[in-house]
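Chain IDs A, B and C follow the sequence of writing; residue 1 opens each chain.
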């Protein structure tokens, strides 16, 4: 095994010395807390939690696939929002990216994310090569 | 190995398309952020952090045991509370469910959980089949 | 494999019945959410996020090394701050402890940590024996 950094052309990387978006260790994939910043890491995409979460889940999908897996390999999501009253908007976005038995998830409201226009931050853990999460019975 | 969804008759599952309470991947067990909602996922059980945490730890115990393990296999707890001044109430509940060397834990105060009457949310990771955490010397 | 508690003489342990700072399960190392409390777990070291984060990263380093690894084995950091406007102070401290491709990280602002003078809490996951994170190209 080795620790490999996973990069996707569809997900902006920050400059060296900050963090990696995705590291794969054997079959385990760690994905950093991602937001809906654009490729220049400047503009925030999406005006509400639904739109921002869609951008974030698309990034998670791109990274998991770049690591050699699929969204069915994601087992854990940790979701931080700035207004939990809108949690159903995040749920709606999630339904567009997952099927069958969904990942385990935690969703809490924090007092602030890195910028005031960021409403959602999501991190993920995936286990590749295990056949994915089961389909819902 | 495979990814298996773990269900306990003692822990209410949410409708499909939201999240799984528990997924087992090989020997690793992920448990979602759980709260003290009742079996109908409507009423919140427990009027303070001690009572709510007891309900949550009982759910974690039920799920870890349904996965084939015990509470001694839990290695990490992440605890979100809405009033950190009451963290000792969570600690008191935790002492009723763990012994020996306790799990690693993080406990922070968030600005809100999914409902105003929810005071605590706890997620967990366990590693089964390793003999459990050691007894305190 | 077994679950082993990892202790460092440089990191204060809390009394039994609360939490372990560090548990090693096979090659995986879990480190609890650590703060900059001193060895008596009373005084808080560091007057700003930079100084507190340096104390915390030194503790993480001590624990990872006591587990048989190095800081290059750390794959995930979860960072909770009480004022996200000062996140760059945490980044500055982090740069003194990591090199090459940095760990995946999540950094969010929470409404409170265990004491008002605590500004930062950081937890970590490491995978030992995999050769460490790669050097940045």
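FYI, a residue touches a chain if its C-beta (ideal position, glycine included) is under 8 Å from a C-beta of that chain, and two chains touch if they have at least 3 such contacts.
All figures in this text were calculated on a predicted structure; none of them were measured in a lab.
> If you list every residue number at the subunit B and subunit C contact, are more than half found on both copies (same) or fewer than half (different)?
Different: when the shared numbers are divided by all numbers used, the fraction is under half.
> When the CA atoms of subunit A are placed over those of subunit C, what is the turn angle between 0 and 180 degrees, to the nearest 5?
120
> Just how far, in Å, is the C-alpha centre of subunit C from the one of subunit B?
Going by mean C-alpha positions, subunit B sits 22 Å from subunit C.
> Can you list the residues of subunit B that touch 2 or more other chains?
78, 110-111 - these are the residues of subunit B that touch more than one other chain.
> Considering the complex alone, what residue numbers of subunit B touch subunit C?
Those residues of subunit B that touch subunit C are 73, 75-78, 84, 87, 91, 95, 101-111, 125, 127, 130-134, 136.
> Within their complex, state which residues of subunit A touch subunit C.
Answer in residue numbers: 1-5, 16-23, 25-26, 28, 30-33, 78, 80, 110-114, 121, 123.
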